[in-house]
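Each in structure tokens, the structures are laid out below.
In the two complexes below, chain A is the common chain; its partner is chain B in one and chain C in the other.
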Partner chain A sequence: MISLPVVLVVAGLMFAIGLYGVLGQTNAIMVIMGVELMLGAAMLNVVGFVAYAHPDAASGAFLVLITMTLMAVEAAVGFALVVAAFRHSRTAEIDDLTELEG
Partner chain B sequence: MLAETKAMEERMLAELPWLAPIGALVLAAVIGVVLALALPRGRQGLAGAWVAGSHLAAAALAAAVWLDRGLMRVMEGTVVVDGLALATTGLLGVAGAVCVAMARPVVAGTDREGEFYAVLAATTLAAAVLAHAADVALIAIALGLLSLGSFILTGYLRGARRANEASLKYYIYGTVAGATMVYGFSWWFGLAGGTGLRTIGEGLAQAPTGAVVASTALVVVGLGYKAALVPFHFWTPDVYDGAPVPVAAYLSVLPKIAGLVALARVLPAALPGDLAGWTTAMAVVAAITMTVGTLAAIGQTSVVRLLAYSSIAQSGFLLMGVAALEGSDRALPALLFYAVAYAAANLAAFAVVLAVQRERGSVDVSAFAGLGRSHPWWTAALVLSLLSLFGLPPLAGFVAKLEVFSAAIDAGQAWLAVVGIAMTVVSLYPYLRVIAPAVLAPAGGPAQAPRTPRPGLALAAALGVTAVATVVVGVGAEPFLSLADEARAMR
Partner chain C sequence: MSALGTALVFWPAAILMLVWGLYVFRTASMARAGLLLLGALGLEGLLFLALASQFLGVLMILMMSGEMIIMVFFMVMFMSDPGGLMGMDMTHDKRRSAALAAAIGIGLAVLAVATDWPGAVVSPDAPDVQAIGYEVMGRSMFSFLFAGVTILFAMVGGVLLAKEGGRLGLAEPGDGTSRRDERT
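Take a look at the complex of A and B:
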């Protein structure tokens, strides 16, 4: 039986996997995917809370819609930046971008 | 139900005049895009004039709303028009116009000039909305738009590899921090059952402390990264260094101030009565931020990187004002006054860096040698702005530091004021490392081919306005302080 704690744990795992992807992966595309997972975790959290704890809170649905839009727009800009970087240096590996001293 | 919706609609329409400053920025962005598309290549500067003009109009409208209409919570509680929001919008409008003037000589003639101004306007719009937002969904939108605009501005000169790399790094830091914040918001929503800050404040007061502390930490990541607080500051020097200088100036002032104002609005509202001990946590972050920023500035050879670390240190001082919010009535005025003083001095410093870069082709400390002989006015502005960032009386930075230190002491955080004073003293060294060669060294410097003979009228105007403001806000601090105090009373 699915209950609120199950949803929250799954969302927590998604967030952790996304964070691992961000910190552990060196390919910019994989990092962007990691961020998508983190935002997905936030949405799952809200959906779980709306379904089990706050059925009357319409603002939860609004928050999910906003997050979804944010995800789409961020991914679009992110891929544009990766493509631009790739044109310059023929790589999508973040560790190879060393023009700035960091 | 239908009648209820209709009444709500009418209420919202009647409340629209309170949002006039935001409306001016919306028009700045939308008409800016249209102008960028419609104007021929040679006349793209008109789009810049439009965007700068509507920035100033937004500032004027903020003043008009302040005088005419006063405090109001509008749009069903999602937006707050109070002294903090209006004062911040006024500052953002003026600072944004100055940045457009600084950017003009850099982007003029490039093939995406008009678009640059439009994106800049949209970014300022996001910053202004963030200052008004009283609902976490609106904060998520505003912060997202603010970040995206900043990424695009950074990578605007597509041909420049460094700008592109800076933009990608900024993007990765920014989206991760933003996603972490939204995840924190999802917990706040779950704990409180709503997205309005007031609802969240009531809900979190009942919630278990552990959950409140953990979710608040997640939220602070997102806002702290915008404000370049340690340990979310790593992107700052790389991004300022890689971005065009006017963009670095913009990023060091507008998104930073918006982020700090958002912290000043979110934390007291969502965590009423020092819930989860957030004031102490912020005080510790402030102390670490000013220490790390000041110490890291010492070894820098590039003036832009030096200013980047200096701006991190300044975030720490600004955060002192946030940390004192629960304990002292002087905190909010101090925060606002510090923001004005910081914006004026930092923009003036970046304007001189830009002028030097355009003439000598470098932003290294060595490029500033002998500046005093060849360009006495630039040097005067540079000395004034850096000494104001340090906090020398009677400049604006001195009064600002005095205000935040007294607010900290008033709030019972005297230890933080001691750290602040110590770091102020240390910070003289990095600033002097730029000032000394500029003033003392013989004329000349590395003789590289000058790219442009004159700095241009727009840049000169930006430099003049900010340098004069640095002095005037300091010498004639009284009216500004009483205005800032009024902003607190309008809450």
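Take a look at the complex of A and C:
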């Protein structure tokens, strides 16, 4: 059956997959996708702790709400940065974006 | 949900979520990658439901559906090879990143198994919608308002960043902002 360590292991593996994407991909959009997976793993951790350790803690559920907000904000600002970088350099490859010049 | 029901939902959803999550970074087609991520995060919503967090599970599925569809559009717009038909390799440091990610994944898994965590059985008393509502409108109201303002700032900042010419607009010759003016 399911227990807290099982949930944490799944979340840890999900975090590692996201990290693999962030480190290994050259396109900014794919890096954002990796960050989304890592934040998803963090949320799964919190939901696991709420379910098994503190079932009456609504503040844990609230933390997940805040993390979802963070995911949306991160994606929105990330996409905007990609659009700005693409306008300037005609590419979204992070290996080519080596200058901060506007 | 009973313990058996939790297990029946949790295991397939967890395994499929991890496989799809991994395939996001293995497939050459960007549209497929976006839809795989949508599937993986949707399955995470299913995990939330299995862990008795109904409100968060449904919210996760709804939010990620919208966000990932937008992400697919961006990927198709900005990828050099969105369909994956040209066989372009859009990875770097493949071995080192895979090794580091595997090491961290194994480390986190060992830590999760080796630690003596409290609690053993999923409780049906997970915070329901009413409790979350009281939390949001009570003790955590300020944080909730702050999250709302943060989203507003992100929207305004995102539009300004993405606008042609940036937040100052396009440079006109003679207005002191173009590079030609800086040189003269």
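Heads up, the rule we're going with is that the second predicted complex is superposed on the first by the 99 of 102 C-alpha atoms of A that agree within 3 Å, B and C clash if a C-alpha of one lies under 4 Å from a C-alpha of the other, contacts with A are read in each partner's own complex, and residues count from 1 in each chain.
Throughout what follows, a residue touches a chain if its C-beta (ideal position, glycine included) is under 8 Å from a C-beta of that chain, and two chains touch if they have at least 3 such contacts.
Predicted, not measured: the structure shown is a model, and the values here were computed from it.
Applying the stated contact rule after C-alpha superposition, one finds that A:53 touches each of chain B and chain C. Once chain A of one complex is fitted onto chain A of the other, the partner contacts of A:77 extend to both chain B and chain C.
Contact with chain B, but none with chain C, is seen for A:89 once the two complexes are overlaid on the shared chain.
Contacts of A:35 after superposition: chain B is touched, whereas chain C is not reached.
Touched residues of chain A were counted for both chain B and chain C, and C has more of them.
Once chain A of one complex is fitted onto chain A of the other, the partner contacts of A:62 extend to both chain B and chain C. Once both structures are placed on chain A, chain A residues 8, 11, 15, 18-19, 28, 32, 34, 43, 48, 53, 57, 59-60, 62, 66, 69, 73, 77, 81-82, 84, 102 are touched by chain B and, in the other complex, by chain C.
Residues of chain A touching chain B in their complex: 8, 11, 15, 18-19, 22, 28, 31-32, 34-35, 38-39, 41-43, 45-46, 48-49, 53-54, 57, 59-60, 62-63, 66-67, 69-70, 73-74, 77-78, 81-82, 84-85, 88-89, 94, 97, 99-102. Listed in rising order, the residues of chain A touching chain C in the complex are 1-21, 23-30, 32-34, 36-37, 40, 43-44, 47-48, 50-53, 55-62, 64-66, 68-69, 71-73, 75-77, 79-84, 86-87, 91-93, 95, 102.
By the touch criterion given at the top, residues 3-4, 6-7, 10-11, 14, 17-18, 21-22, 24-25, 30, 33-34, 37, 40-41, 44, 47-48, 50-53, 55-56, 59-60, 63, 67, 70-71, 74-75, 78-80, 90-94, 96-98, 100-102, 104-109, 111-113, 115, 117-127, 131-132, 134-136, 139-140, 143-144, 147, 150-151, 154-155, 157-162, 164, 166 of chain C touch chain A in their complex.
Only residues 135-137, 140-141, 144, 147-148, 151-152, 155, 158, 161-162, 164-169, 171-172, 175-176, 178-180, 182-183, 185-187, 189-190, 193-196, 238, 241-242 of chain B touch chain A when the two sit together in their complex.
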